[in-house]
Each structure stands twice: as structure tokens, then as C-alpha cells.
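Each of the two complexes below includes chain A, the first together with chain B, the second together with chain C.
Presenting the complex of A and B:
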């Protein structure tokens, strides 16, 4: 039997340490934002109170919605409706204006009229894109950085398995009352092993979701470089022809929707509904209407079916369903998106995400603890990693809480130096996050406790401000069926309580830096 | 015992990283392209061939990175990664 050599184990240790230190903060930010994104629709309702609508099953006429569109939208080459669901009770609506910009709004499902909404990116517009790209849009650089972090996470997981000799035994070992370094490592091992399959699945599926971005040449080569053809064959995309300029009325979209759903349901053997109604080249004789079941309620797989109709005649021109390998890939991607209707599993994902945050944070902490006695007072590199770790862990949590507080505090017409209200909320996040790094650089270990206190205060402030600025305090939200709001408040209170407890523990355990003492005896 | 990786200077570590991430990227790009060209020859649809290749790509990329971090012969193995990538790309282009 071949044994793992000490040299190989050492190499894995090297890779594990340095990839973790260099990319740990990015991984933590991606995991943290991904964890919040699991409940993005619920946080959206909390941040945009006008969308706190109790969902009712109703037949929505897209013919009527299209007839009532404002003139600019009616002439749009790209009109998109997102069908309301329990988690997204408003009708999502966006269109591309004549100048190419996208306009995003929500429609009241009862009246079809646009909702006057709080100007906020909220979770779907900020946490979600942050999770994908760190909000760095230039040349998709953010997506590439996140992709590198995801690849590094897979390497870290595999290398972590090699460097731990007694991996099963370590799962059952957690000694919180031992010295900080030992307890940190125990918690790192425990949190790593407890969610290991989940931690593999997330970066792997995340990379697969963005395969078209990461491997364009490899994918395009099979299609002679024609990426539109690749999208069409692999995901059912349909590129509408250029507008002809000859007007033509649109056939009934509601009838097309019924036909699409009947086709899909017959193929699947159970009712299948569309999530997406898209009209391309509206009002032109080249118009097409596109339906997709992006997020099925009762299955993991994404976007199994696409139906495309000729807009003028209402004739079906394309009925796409995923082939077997495409379905397998879409299942893996669906397991990442977790949009299926399974609340216990969604909560399990949430706690899995938090477990991933603990794993990454304790890994970075252990790196610091291991070098504390040698480097804490002398090494600039150590101090940089220390400040980045504190700001990257408690700092981003505090910045998130500040984002929620700003959402409830800023007046509806807030604007500053050309920055609109939504932009101001985001600036609050960035400024707070930057501040936490500076705070950590100056106060060093004391910053942990202070930032925990600040998280506790901000979390409670967000709950109180929600009660003060909207009719839905926790009791009202619970009694009115606004579960999204109530649960967001409850999670905020629990998070504040946890931060308070952590702050108290840190204050109790405050002791002189070990580097100021003689080196601790070896464990 | 000092591991192989600690016996390296900055140049060899940089080469390991370049061959792991850059060479690995070229290798999986070539692999996806090659699969997208070869599998259709045996009747697999192009989209299906590419979907399969994409799902397998990470099972190649991650081990390549680990190998490049662990190998005691980084120059030779890094060149082997690059040569394999080039061969796959050329094969995909030739079909």
C-alpha cells in the first residue's frame, strides 16, 4: 500500500496555508454574501417595504400588462416579466430602453401597476452580485477573482484532507477551553469536516455556472467560435432577428404561455410552470415571445424547458428541453442556486454557509495564532494579515449591518453629490468596511471585540428602525403573514445576540498578547 | 524534514503557480475543446459533449494544481502540463 510521503504532506500544508492566507478574505466575503443570498428575496422584502405583499395564486394576464406598458417600454426590443411566487410576490419587470440601458421595477400583482419602491439595490441587487463578482465589473475582473477563489477553495479542501492524518478522530475533537490556538484549530477542523460535501459542492457548482465566462474558447471551439450557437444548443437561448421596422400586433401572450406550460407538463408528467415571460422586438413583425421555467418549485434542476413563439402569429417556433448531460449540469447548478421550494433544505444551506464562514475565519485565525509569538511585534506582513483578517471577518459583517441600518435611515429622496439613495446605501457599506480595516490596523486584537459590539448594536438598530419606519414590526409581521420580514428581524436579533456574546467573551478573555509574554509551551 | 517546496527560490515557486493555474487553465480549455470535437464523432451532440467536458474539467484542474504544488520536479512537470495543453488544443483545432 502506498503511503503519503511526508514531503507530499508538507507540500499540501504549504499550499493550504498560503492559498488560505492570500485568498481567505475573498473566500470569506463570497461565502458570507452567498449565505445571505440564500434569503435574498426575503431580505429584499425587508429592505423594500413596498414589496411586502402577501402572495396569492392568481391568473395574471400578460396581454393586459403589455397593453398598459408606458410608451418607452412598449417600443423596447427586450421586455421581461418574472412571474410572481410566494418568495417574490411582486411581478418582476424590466426592459431595455432605446439608449440600451435597462429599467428595473416591480408591478403590483393585483393591479399590474408599478410599485413606488424604496430606491435600494437590496439583497438581490447588492449581496447577490457581490457574491458573484465582488461588485468589480471592469472586464469581468470580479468574476475572475471569485472564480480563482472558488478554485483555490477546492484545492484547500483537498489539501486539507491530506494534511490531517487523523481526520475522523479530529471530527470528534473540540476543546474550546484549551489555549486559543488549539481551540481555533479544533473549530477549524470541526467546521471543515461537518460541511465538507457542501463546501465541495458550492465552489464546484459555482464554477460550472460561469463556465461560459471562464472557458469561452474551449466551449466555442465545438461551435466554430459561435457562442450564440453554443448558448442556443446548451441552454435554449434564442436570438431574435433585427427589428424590421414594420409594425405588427402581438398575438395573445397568455395563450402562448398556456400552450408552453401544457407542452412542458405533458413532457414532464407533472404540472410545469413558466417563471419568465420575455417579449423581444415588441410591436414589430419580427417579435418573438420566450418562456422559460428557470426555477422549478419541485425540482433542483434549472431551466429545463424553453418555448419560443413567433410574436405575430403565436406559432411555436422552438421547444427546447435539456438533454440528459445538460440536465445533469443544470442539476448541479440548481443545487447551487437553491431556488426550489424546500424550506428545511434552504435553512440547512444557510447554516452550511455560516459553517463555511467559520471554517475560513478559523483557518485565517489559526495562521495568525501559529505565528503570533514570533512575528506579532516585528512583522509588517503579520500585521497586514491580522488587519485583513479582522476587517475581512467581523468587518464585512458590520458593513452588512450598516447597509441595513442605512436602508432604514436614509430618507426616500436622499441623494448626495450625484449619488442616488441606492448608491448611498452601497457607499455606507464600503465606507464601513474600509473603516473596519483601518480600525483593525490601529487597535489590532482589541478590534475584534469592539467590532462585535458594533455588530450587536447595528443589528438591533436595524430591527428597531424597521419597526419605527414600517408598519411591520415583528409581531405585526408575524400576525400579518409577512414571514420574510419577521424572520429577517428574528435572524438579525439572533445575530446581534451572538455578536454580543462574542464581544463579552472576548472582553472576559482579554489578556496580554502572547508575544508580550514568553512563548507558550508547545501543545 | 524540509519539503521540496521550501527548497525553492521565488522563481521556482512562481513557476509552480504559473504552471498550476495558467497551465491548468490551458489544459482544461484544451480538454473541453477536444471533447467538444471528438465526442460528436461518435454521435454525441455537441452541446452534450461540451456539458460533459465542463463537468469533468474541475476534476482535472484541481489535481493538476495539487501536482504542481507537490512535485519535486516542477520544471519538468510544468512543461508536461503545458505540452499536454498544447497537444489538446492542436487536436481540437485539427478536427
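Presenting the complex of A and C:
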């Protein structure tokens, strides 16, 4: 092996510490929310109890659903049905009203009637957008910050490999009983190495998914800078013509759906089902019906089958399938979206995500631990990083738990100062998160333990409130086949237990820590 | 069948990590509570088992899934190995003895 020069190692070390300390909280937030998003449909069912439906294979007639549309949706330019699956048992229903606003609801798959749903953004509406934009929508700033954090993460992983002196010799080494600083570094190294390929793939594939946003120029060049045309060519997106104003009946959507699925299945060799049924310009002679299959169950590579029919005649006007050139990037994207039906892999992703959280958290903690000994721990910079680390790690977990508790506690008609119920849940999250930073700034090290206790209490409270406010306590959920609810409860209990254990350990260590501090410089 | 392949792949991955760890002096000596040297073939056995787990996963789900599953599975095996070594390394001594007994 060639020797790495001390200077080079030093430069890598510098980049590793400063990128980590500056972007650590963002990386932790993105990893944490991404980990939760792996189970977003299941958390959605937990948070919106009306959608806790045991899935059955049904022949749903979209002709009937369209015939029974609410009056305000009949002349809509955009009607979208999401075909129910085991993970999304309700029929998703979106439409654009006459005033241009989008209405989002769900239909009972058995009756086709609208479900009276708890007003909540839940995981798909909050955790997921948080994961990709931190909920900062202005000028796509959030996407850019997350992209920067993803890029930083790739640099951190590479520089980390150069800094680590004994990767092979200490690959399996973890010494929890050594001094706190050493144990933290061991855990940082161990959690980094065991998930390394996964930690590389996630930011890389995330950047690739947003390549269109980050690096549009090269792609746009082939289309004379027309980004909409470029996007349509690559994804099979179809823009409907202007409404003519002449009404015309719609041909059978069910027949078109069968034709589209037969076409795709013939091409693929296995049955391919549509995920989306979209009607543009409903009721007009320019109506268009659009079907799409994106997320196959049985493989990683996303498929991109799109079939577009003329609404009035029911004739196929566009049949799009992903060009083979896109296969590699479709694998990478599929690997990030985790929509395939491989449950053991889904769980490994979940634990891989938690491993990433541990890696980032212990990295930030090590930054603090290596500086407290130098008696720099009274400086303003140290105290700021300390508060940001505590709030960024245990704080966001606590805020997430508070979000779930608020979801079960707020009455269905809750509203405050013009903020609706779903908005209030989100406010609870932000206020709690902000609170944890202040708490950490004031209490410093002691805040770790207290926030752990608070996580344990709120996690258990969420489980108890679920049992109190819905018919599906754990036993009922398990025996009734509501796996999503039961597993969410079990993970909450396990998380609360872990937080309790961490709180106890921190309380035990609180006493000897002060003498530890004095002993550290000798290490 | 697919469950059997999954369990076999998991065991091969874990076994591979254990063998690789035991091929290192510090872990071998901690497990055996002796200053003997780890057998030379432990490292080769470890890599073979790790490769075998990839083979089993490809058989089960195809290369496309295996490329994602395998690194995470080996990571889980490494975590269990590191946990065992840090908590009770002597638990591994029967395994080590069995290995040396066969030499």
C-alpha cells in the first residue's frame, strides 16, 4: 500500500471535521426523515386511521367512479386516481378545482365513496418533503441545501476513509467501556464501515434523481433549452390540449386500462398493472386519459410505461416505454425510492438508515468530545455547536414523536389563528424542535438525558393514544390484519425503550463524567 | 425455498464476518484467551463465506436486488460480530476450537 502523506491526511481531516460540523445537522435531518419515509405509507395509515383498510384484490371500475364524481370535479382539467395496493389500500383521488386549487382525498375501495379523513399531512405529506427539501420551498432553496448536504456526505465518506488509520485492523472493534471519546470514535467508525456502500448509494442516487434540477443545462441543450419538452421526452409526460368548450362523453376508461395493461404485459412478459389513472379535460371533446406504471413489485429498476388515449374515441395516441439507455439510472433511482415489494430488503434499508443516523450523530459528538478536553468548552463556538448537535440529534427525534402525539391529541375540528389541523401538527413539530435547541443551549450536556426521557415518554404516549383514540390497539391491529398499525406501534415501543435505556445510561455516567474530564488530557 | 436461501445467505454472511474477525490476532486471542496464532485459512474461509452469501442472494432474487441486499446483509453480520466481540468474545471460542480441531 502506498503511504499517505501526513499533509494529505491533515487536509482530509480538516475537510472532514468542518464539513461535518457545518452540515452535520442537515445530514442527520435528511437521513432521519429518509429513514422514516421508507415506511411512509404505513405511518400514513397510523396517522390517518380512516385509511386503515385491509387490502383485497378488487376490480375497481373507474367508469363508475367518474360517473359518481362530485359536481365540482366534473369539469376538472385534471383528475387523478391512484390505484390501491396493499401498502396504499385506499384509492387516492386528486383533482384540480375550477379555481386552480388541488384537492387531495381518498376513496373507499369497497364503495367508491369519499373517506372522511383525519386532516394530517402524515408521513407522505411531511416526512417525505422534509427529506428532500427540509420543507423550504422558496426558489427550491431546500432542494439545493439537501443537494449540498448530499455532496458533502460523499466527500465526508471518502475523506473519512483516508483519515481512518486502521480500517482493516479495527474493522470489528468496538470498546464501549473505554473513555467516552474513544468509545464515540469506535462507534463512529463501526457504524460508518458497516453501511458504507449504502451511505454512498443514497446521496449519490438522491443527487441523480434531482439531476434535472441541479444540472439542467446539458439535458436542456438537446431540446434547445426547452426543459418541459426535455422532461416530456424522458418521462413520457403528456400535456393536454386546451379545452375546446365543446362537451363530449368519455369512452370507457376501464376498456382503455385493460388495453394499456395488455400492451405493457406483452412487452414485459409478466403482468404489468397501472399505478395511475389520470383524466385530463374531463367532459370536453379534448379529453385525454393517461395511464402509468412506475413502480414494479418484483425488481429494483423503475419501469416507466405510459399509455395515453384519446378520451372521446378511446383510441391509443401515445405508447411510451423507458428507453433502454435509461436502465442504469432507473436502477439507481429505484434503489432510492424503495417502492419494490421486497420486505427483508426494506427492513435492511430501515436499519441502514438508522446506522447512518448513528454515524452522523457520533461524528458530531466526537467533534465535541475532542474539544471539551482542550478547555475550549466555554467558548461561544463550542457552545453553539453543542446546542446544535443536541437539538439536531435527540431534538429532531423528539419533535417527530411530538408530531405523532399531536396527531392523536388534536380534535378533528382543531384550528387556531387560521391554521388548520394539519398545519397545527406541523407547528407542533417546529416548535418542539426549536424548543430542544433552546433547552440544549441552556442545560448543555444534561439536555441529552432529558431529551432521551422525553422521547421515551412521547413514544409510549403515542402508542397509548393510538389505543385510546382508534379501535386498533396493538392486539386488535395484529389480529385484524392491520400490520402497518401494529408494526408502527411496535417500532414506537422499541424506540421508546431504546431512549429510556440511553437516558438511564446518561444519568449513570453523569456523575463520573466530571472526573473523566480532568483525566482526559492525559489520554 | 426462498426463505431457506435467505436464512442460508444470512448465516453465510455472519459466518464470513466471524471468520474474518477471528483471522485477526487481537480477536482470535480474545476469543481463545490464549496467545496462539489464528489459523491461516480463517481469512480465506471468511471471504469464501461472504462470496457464498452473494451467490445465494443472486439465486434468490437476481443480481439487481442482490446488489442492494448483500452489502447491507454483510453490514448487519459485521455489526453482530463486533457486538459479540465487544460483549463476550469467549462465546466464540467453541467456534474457534472447532476450527482448529479440524486442522
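In this text, the second predicted complex is superposed on the first by the 504 of 523 C-alpha atoms of A that agree within 3 Å, B and C clash if a C-alpha of one lies under 4 Å from a C-alpha of the other, contacts with A are read in each partner's own complex, and residues count from 1 in each chain.
What we mean here is this: contacts are C-beta pairs under 8 Å (C-beta built on N, C-alpha and C of every residue); 3 or more make two chains touch, one makes a residue touch a chain.
This structure is a prediction, so every number in the text was calculated from the model and none was measured.
After overlaying the two complexes on the shared chain, residue contacts for A:276 are found with neither chain B nor chain C. By the document's definition of touching, of the two partners only chain C reaches A:351; chain B does not. In the superposition on chain A, A:500 makes contact with neither chain B nor chain C. With both structures placed on the common chain, the touch criterion links A:198 to chain C but leaves chain B unconnected. When the shared chain is aligned, chain B comes close enough to touch A:154, but chain C does not. By the document's definition of touching, neither partner reaches A:180: not chain B, not chain C.
In the superposition on chain A, A:169 makes contact with chain C only, while chain B stays out of contact range.
Contact residues of chain B toward chain A in the complex are 1-6, 21, 28-33, 36-37, 40, 45-55, 57-58, 61-62, 65-66, 69-70, 72, 92-93. Contacts from chain A toward chain B in the complex involve residues 6-8, 10-15, 148, 151, 154-155, 158-159, 204, 207-208, 211, 215, 217-219, 221-223, 230, 233-234, 323-326, 328-329, 332.
If you check the complex, the residues on chain C that touch chain A are 6, 17, 20-21, 24, 26-27, 61-62, 64-65, 67-69, 71-73, 75-76, 78-79, 81-83, 85-86. Contact residues of chain A toward chain C in the complex are 169, 171-176, 190, 193-198, 201, 299-301, 331, 335, 340, 342, 344-345, 348-349, 351-352, 355.
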